[in-house]
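Both complexes below contain chain A, partnered by chain B and then by chain C.
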Partner chain A sequence: MTGASPVHRLAPIAREPLAVRLLLTAVAVAFISLFVLLPLIMVFTCALADGAGPYWAALQSPETWSAIKLTLRVAAVVVPLNTLFGIAAAWLVARYDFVGRSVLVTLIDLPFSVSPVIAGLLFVLLFGKSGLLGSWLSAHQIQILFAVPGLMVATAFVTFAMVARELISVMEAQGPSEEEAALTLGASGWQVLRHVTLPKLRWSLLTGVILCNARAMGEFGAVSVVSGHIRGMTNTLPLHVEILFNEYNFVGAFAVATLLALLGLVTLLVKRLVHASGSRE
Partner chain B sequence: MTLASSARTRRRLTIRRRGMLPGFNLSLAIVTFYLSALVLIPIAVLTWRASAMPAAELWAAVSGPRARAAFALSLGAAGTAALVNALFGFIVAWVLVRYEFPGRSLLDTLVDLPFALPTAVAGIALTAIWAESGWVGRHLSAAGIQVAYTPIGVTVALIFVGLPFVVRTVEPVLRELDPVLEEAAAVLGASRLRTFLQVILPATAPALGTGFSLAFARALGEYGSVVFISGNMPLRTEIVPLLIVTRLEQFDYAGAIGIAAVMLLVSFVLLLLGNLLQAQRRRRHEGA
Partner chain C sequence: MSVAVHALSKRFVHSSTPAVNEASFVAETGAITALLGPSGSGKTTVLRLIAGLEEPDSGSIHIHGEASEKTPARHRGIGFVFQSYALFGHMTVRDNIAFGLKAHRWPRAQIDARVSELLSLIQLAELGGRMPSQLSGGQRQRVAFARALAPRPRVLLLDEPFGALDARVRLELRQWLQMLHEKTHVTTILVTHDQEEALELSDQIVLMQDGRVVQKGAPQTLYDAPATPFVASFIGNASVLRGQVQGGRASVGSAVGPVVAGAADGTSVQVYVRPSDVRLCRPGSDAAPVSLATVRSLTRLGGVIKVDLHLPTQDIVTVQLSRGEAEALQLAQGDRVHFDLGDAKFFVGDEPTA
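So, the complex of A and B:
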């Protein structure tokens, strides 16, 4: 983030005229206001359209509660898994040079460029009735699709490299000298990881984890395909928003949406704070 | 003498560095396993299913009128949205890097919001704004322009999701641009516009291209923010991801797989193109 960074100053001769500067600033502010700020304000305005009473009532419905719990459950599994993968991937990619390294980096980025809907489809093809593992799963009475494990797998796919990405760039920039010093002093690999690598990475690790968490809790497309939309069973918060909206229960839909909007705002705030404390060091 | 010997030591260290840290096998195992289980095998299954389909069936899945309309809409709306983002995103990046004004850091934070706001939330909010009775839609419909439930609505949603990409790729390049270049151009008598066209734009064009392709790729696959505002009318406002969902719900797996395979191919090409652009930019940066 750049909020604290100083503005680029040019000598007066190379500056734009005041009118041009004002015009460009106005255009930028108007563009962001129209496409970003207005939707955010809209969420809260619509949620409170009938006052605070209906808002709280919508938040306290049992279906909303089960959606909250399910969303938390999915994130509680997916985020640690992707974090573990992120640490392993960063260690591998930033500290070793090996054949196929650049291919691996591209593959790690791959899920980002896959449409969430296709991500969902992949797991339907794998776990569905006519899917590759479908008959084996149903013979053993294991339900993945249209159940919680399916939601977790699809969410893990769409948030796959969110931690890895943050860590790899920072670890590459830091270089291996401190880890090597620790090794020469007799530390084991695990000690190096715990006492040297992870402490140095803590800010980017935190950023990666909160971004991964926000995306995991807010994922819609992939989860929508694998969920089967079973109320109270496989409805995460974003799916619950969709159902309420399609039932013309706008206050309810926007009330639940405020929870997700707050999650997004808190994520941005934490990211900003983390960045500020990271750059102070 | 000392310099030469320290250089020699450093070179020796560089050669040994590869084997020094432990954990190569373990991290390779974790990464390979997780990547294969979650990403490679599922994508291989889709590819295998698509290639096992008879060519005629595959062709029928992607060339019917409904699929063609969806591809045209998705490509057109994603392309338009990415263009809008390239233009306005550049202005936003410029203003953030160059000007001091009240609310600058708020503007800076808002740029990242599309990354953090769940797409379904953005979708219903945009629908409420641009629908005929909405805050903005009301004024537009008075002028005879309908946004929600038309291709324009789809484009509006895609502008929202792609917005941060251009700003965040152009911004660091603008920031690193040496002011001396622009000052020299001014001293030599170039107008500000000419300096922009001949000094600033060439230096930022690769980043702008990367930002455009990232925004375009993201917009092509987007689902959550579009389905509410598009109205989902077949042949008119049905985007490709939605057509995949529709076919899945009708248990038309062949139809869904066919389109998904084409989409996947397009996103791979875009990913490779983006990587190439970035590598080229890095090379130029290092060469300079």
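So, the complex of A and C:
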């Protein structure tokens, strides 16, 4: 498991001079304070600027509620799909050598490196009125763009490789010998997957799922392009924050933003706990 | 017969040379056969082909007379022990050993009995509830043996099973394996690069080089009658000397070696001198200085003394003496001694050894 070995640190005698260490520490602390800690605190102070009452009111508005529910719905579909895909892709890439393997690895990483806005535009070109599939879709009265399916497709694209990447690196590091041992002991392919591969990967799988979920709920760019911003219909939490902000409803915008900030903090906390459990084995 | 491999070949996708090239041998029922060779000689690939973890390009594998090269690994009835143990890290020792029995759908009660039997066979009866990470390397490898033996395999395949262990544990486990084999008598194929391990454990050695089988036979045969210069140099830590045939004998400088039949005087020979093949004695007063070697260094290795000799031909030969022999000779650095190469192996020809 990752993190199983203790962290190696330099012994005092091998360290840099005090002045160098202080300088490096100062740079790191200043940077983190300015770009991470301060904004995080600002989100919460702005949200609570008018006290707890307006904060709760902003969170309980019907539009915020529908944004929360939509965000959860999108994640509930996208995360399981990408988890399944991640397991399949990792198995294929880490355990088999075939022609086009490196092309596949690059393709898996593509959604990661493409700007999310471009990803959104790709789907407009694909599903839009004048798009590749547009006329067929409208003939069959299927609405993807500016509707919930569009949000799901865009989110799935952006979070495509989150689980796969996590699993591929771990599986390549572990090597296939436990699976081979299981095969020589008479296990079928299914038994190997169920009793050896998946249990072995469970902590990295969980990490991948948590990260995938965080990204799915927090995605803005791609979703913004395909959403159409229909309030109460196709507004996810990040889009809702933007709308409130553009309407100068700062308390509302930051109140909703605290939800996303909390999601991020909880994600990191759970990820740490998962890592700790994984390291104990 | 038990495991018969015939003309087996395998080339990996990204490699220009075959990993295994027309390898043939028979591993007899109930015996230990060692696949010995330097790293990269293809011995592990042969083992994985027998196990069904790799697919051969050509050739046949018969396990107990059955053509097996197309049989999936799980139906070959083999047990495999990996150098890296490959225990299931998320299962207890008991569950590890029970894995193959569950896969074969043994009844619960029989599984429990068999696992307990194996735990006492590997002398870890108390540690059945531990996780593999809580065991030492030697204990882990014993669990791996138990796991492989549990479903009563027809053949046990061992891939450098002691390679990851430190020297003392390796010796312990080697003796333990010998004892285990006397109890179970399961047909065993052992891959190793350690000649000592192969000489000690096996009934037959199959020596491989560059994907080919270069010699197979009883350990003593390979030691006493190496078929090629490679075998001579690989088994027995030989020093290689260049010499010529003189008066029907291989000679290095003025030192006279073994008799060479049917080679004209002046033919080049390569002489392989093992540390135990050389006999030393104090020169008599009439000895010609040209036939004497100089003691270059003496190294005490526990109960034996390693002597590096500087020959008149400028070659360096390593000789091994027992403490008693060394004390009788009273050697010191810089001494000149008489040496006799009578037991050395020689090969006619100029070719450098591979």
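Things worth noting here:
Operating definition for what follows: the second predicted complex is superposed on the first by the 266 of 281 C-alpha atoms of A that agree within 3 Å, B and C clash if a C-alpha of one lies under 4 Å from a C-alpha of the other, contacts with A are read in each partner's own complex, and residues count from 1 in each chain.
The definition used in the following text is that a residue touches a chain if its C-beta (ideal position, glycine included) is under 8 Å from a C-beta of that chain, and two chains touch if they have at least 3 such contacts.
Keep in mind that this is a model prediction, so the values were computed, not measured.
By the touch criterion defined above, A:178 lies against chain C but remains apart from chain B after alignment on the C-alpha atoms of chain A.
Of the two partner chains placed around the shared chain by superposition, chain C is the only one that A:200 touches, whereas chain B remains out of contact.
After overlaying the two complexes on the shared chain, residue contacts for A:214 are found with chain B alone; chain C is out of touch.
Among chain B and chain C, the chain that touches a larger number of residues in chain A is B. In the overlay built on the shared chain, the residue A:97 is in contact with chain B and with chain C. Look at A:124: by the touch rule set out above, it reaches chain B but stays clear of chain C. By the document's definition of touching, of the two partners only chain B reaches A:39; chain C does not. Looking at the shared chain after the overlay, A:107 reaches chain B, while chain C stays out of its contact range. Within the superposed three-chain model, A:188 lies in touch with chain B and with chain C [touch as defined at top]. In the superposed pair of complexes, A:25 makes contact with chain B only, with no contact to chain C. Note: residues 97, 180, 183, 188 of chain A belong to the chain B contact set and to the chain C contact set alike, using the contact criterion stated above.
On chain A, the positions that touch chain C within their shared complex are 97, 175, 177-178, 180-188, 191, 195-196, 199-200, 202, 281.
Only residues 13, 51-53, 72-76, 78-80, 82, 84, 86-90, 99-100, 103-104, 131, 133, 144, 147-148, 150-151, 157 of chain C touch chain A when the two sit together in their complex.
Residues 13, 17-18, 20-24, 26-28, 30-31, 34-35, 38-43, 45-46, 49, 88, 91-92, 94-101, 103-105, 107-122, 124-126, 128-129, 135-136, 156, 159-160, 163, 171, 174-175, 177, 179, 182-183, 185-187, 192, 195, 217, 220-224, 228, 240-242, 244-245, 248, 253, 256-257, 260, 263-264, 267-268, 270-272, 275 of chain B are the ones touching chain A in the complex. In the complex of the two chains, the chain A residues touching chain B come out as 1-5, 7-11, 13-17, 20-21, 24-25, 27-29, 31-32, 34-40, 42-43, 46, 81, 84-85, 88-89, 91-92, 95-98, 104, 106-111, 113-118, 121-126, 130-132, 153, 156-157, 160, 176, 179-180, 183, 188-189, 192-193, 211, 214, 217-221, 224-225, 237-239, 241-242, 245, 250, 253-254, 257, 260-261, 263-265, 267-268, 271-272.
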